[in-house]
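I have placed the structure first, in the form of structure tokens, so that the comments after it can refer back to it.
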């Protein structure tokens, strides 16, 4: 017998799921949520990237202030802050994707540091990058390791 | 004070790390390892993909039998079987990469099933895919969800 | 004499630019904005894609309801609804990008229809696709034309 | 009732469309056209890129002189010079594609300058890049903005 | 002692290299060349793809007749017909690129058939695809093999 | 009458093809093969890249010693050393793929040098890169030429 995966997941936090039928309560709940997006985004950004993410975001304010806000409100407030997946897994997934794409070195660097910040072991980061040799080819893995080496040396011994 | 990440990771299993200086013992140890590659690969392939991975591999034997062996020996025996990262994280990383690349639908399908096999919750898979909207754009996430929906319905209720 | 491009653009609508220093008024203004995000997104989605975009978004509600909202609130409410670039140029830019990426056929189809909806001439769409032969290669252009041909036949003569 | 888009576009300049049946007149007309390809390409290259495009093309002459000619004759003479789409839209489409691809920074830089040359407002260029956050992910948009910032400062105030 | 590669290649056919300084003779030579582009393109297209390439090109005439001509005149007349690399190597290079890109299946199919047409052995085609497992990852190689299997069965035994 | 391509290729070296049914002899043969993987890989790596490839591999030993071994054992021992395609064609195929992908400049540089090492003429390398203008667009070809120019000047006159 089959079932949709959602039936099997009753514990998904409904507060993040806006019902399809939208009434007055939904609306006001949504406004409340919206007020939190920025605060939640700033907190998550800081938790993952320390100060380096905020620096990247601030550096965009001269040319694209709204993009800076989208990164905080949407990328970190709406997406990265979601329950349902721990931050360690989120960072490893990001590293996998940026390694495979191979054209986002500055972001890969930020997210390797971020992975260390949220408790990933250096070897776990390396493992994800090595695994990309299988899925995206050896050049992708080798070039990501070059970035990882730059970043790994700057982490204080805990 | 800085240190290389390897100093901080004394617990990484040395048996998988071939020393730079290669002597006779290293050689014979390596042969023993090599004998295990195929068995380890088959076991890991089966653990992750159940029978569907073996079917994919077998389907390659008519046209590229060596590629079939590489998948078992290298991809699963050398890479995916490595300690240092649990299979759940490995599968989520693979799903992230294939979603971002956007041109490997058959493999994405196999690895979503594989993620469920090794204990990922459906919502965790969805979370990784949603997160790719940030890193690879909305079309990548939407198209991966189409694949995920096909696969999610086929999983028995646990 | 040089100047930043922002000095030269005093007419950019400040209402969309949240100042870096955030005080109480900014906050309440932001909430008001947030209330509008969804309505603005729905209106823009409808303006660009007619009913087909809403259908795509609704089809995501079973598996990823929040992604459906992000598409409305973020993609269309925050981004596509922005002043500063007309919808025709936005659609042609989207077609260029999706043609070049070459791995988002369903979205390319929707946005070709969307381009026609907002007043792009069929030939303009073809011109953008042809131009991609220069920037992304002939296969990218040829495969996008296959999609364009499917879509172009369904547009009523105006 | 459906119709092909070509029926609806009787005003497309036939002089650029070579009929399928090729007779003597077509041939001679084509030769005449061919004579113009280079001149038309040089003029369009200059119109879009000022002197910087010509410099790029000339820099290829030592290693690949024919590529230099293809850029002039094909890319600019055959493609970019076509009627049916204004140069502003062409440049915005190119910026969208190169931002989304993420691996052609030198060309993105040239075409941002080119967009300004043909009359695009800086904000329009920024808007196209921001829009790519939706279609190709935030890293693509952020990295293109880095290039845009380099280029935007060099434009004289008009 | 170093030297530019061009000094070492005196035998490159000058007739294809248009000198930087363009005088009257160059012009008339160019016109003559231009007359030949289409004929040379048709001959090379036919030599590589048999009738299937011409079918693809003709299928574009309804929607983009000029693209059809560019394929003949530029892709095959200017590029693929060039001396300096044999057609077998050209086809294997194309197969490598399309396998690695992974988003151009129709073209990969045409060029696998084309490789067989110009004398590549089936095993050589397979070798190129397998090699892409190293440079672009296993999914790219596996998906290209699926296309190769479709095409390989249709070749008459020689 | 159709036939699979493998029937038509009886001369493919069986020693590299491990039969589907695996018995004791296959196993011991495989161990012998495995012993050779590393030696064969080192020899092929050296043949193609001279000392530069070994330098790249060694530079990975601090951070990912197993990746260094995979490059030798798998990429060069299993894949690049295979009979069925000459090294010149293999290098041209690699250059085609890396040019098209556009995000692996360090590897493109190594493999252009490698192509020269195994006997490719500089013009053949240029031809493959130029051909990519057709299949992956002009920016891909232009950026690969920039790398080629760096590398071409460092080759001793033969």
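The letters A, B, C, D, E and F name the chains in turn, as written, and every chain counts its residues from 1.
The criterion applied here is as follows: a contact is a pair of C-beta atoms (placed from the backbone, for glycine too) under 8 Å apart; a residue touches a chain by one contact, two chains touch by 3 or more.
Small disclaimer: the values here were computed from a predicted structure and weren't measured.
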**OP:** Any chance you could name the chains that touch chain A and chain E both?
**Re:** B, C, D, F
**OP:** Using the touch definition up top, find the fewest steps from chain A to chain F.
**Re:** 1
Original post:
Between B-C, A-F or C-F, which shows the same interface as A-E, counting it as a repeat when over half of the contact pairs match?
Top reply: C-F
**OP:** Look at all chain centres (mean of CA atoms) and spot the one farthest from the centre of chain B.
**Re:** D
Original post:
Measuring between mean CA coordinates, which chain is farthest from chain A?
Top reply: E
Original post:
Any idea if chain D and chain F meet via the same residues, over half in common, or different ones?
Top reply: different
Original post:
Just how far, in Å, is the C-alpha centre of chain D from the one of chain A?
Top reply: 35
Subject >> chain B and chain D, separation of their C-alpha mean positions in angstrom >> reply: 42
**OP:** Please work out the Cα centroid separation of chain E and chain F, and write it as a whole number of Å.
**Re:** 21
Subject >> Touching two or more other chains - residues of chain D >> reply: 4-6, 62-63, 66, 70, 74-75, 79, 82, 98, 100-104, 107, 126, 130, 132-140, 152
**OP:** Select the category (line, ring, star, complete, other) that matches the graph of chains linked by touching.
**Re:** complete
Subject >> Partner chain E, residues of chain A touching it in the complex >> reply: 100, 132-140
Subject >> Residue ranges of chain B touching chain A (in the complex, touch as defined) >> reply: 1-9, 12, 74-75, 79-80, 82, 84-85, 88-90, 92-101, 104, 107, 121-124, 126-128, 130-136, 152-158
Original post:
In their shared complex, at which residues does chain F touch chain B?
Top reply: 4-6, 16-18, 20, 27, 30-31, 34-35, 37-38, 58, 61-63, 65-66, 69-70, 74, 78-79, 82
Original post:
Which positions of chain F touch chain A when the two form their complex?
Top reply: 56, 60, 62-64, 66-67, 70-71, 75, 98, 101-104, 106-107
Subject >> In the complex, chain F residues that touch chain D >> reply: 101-103, 126, 129-130, 133, 138-143, 145-146, 148-149, 152
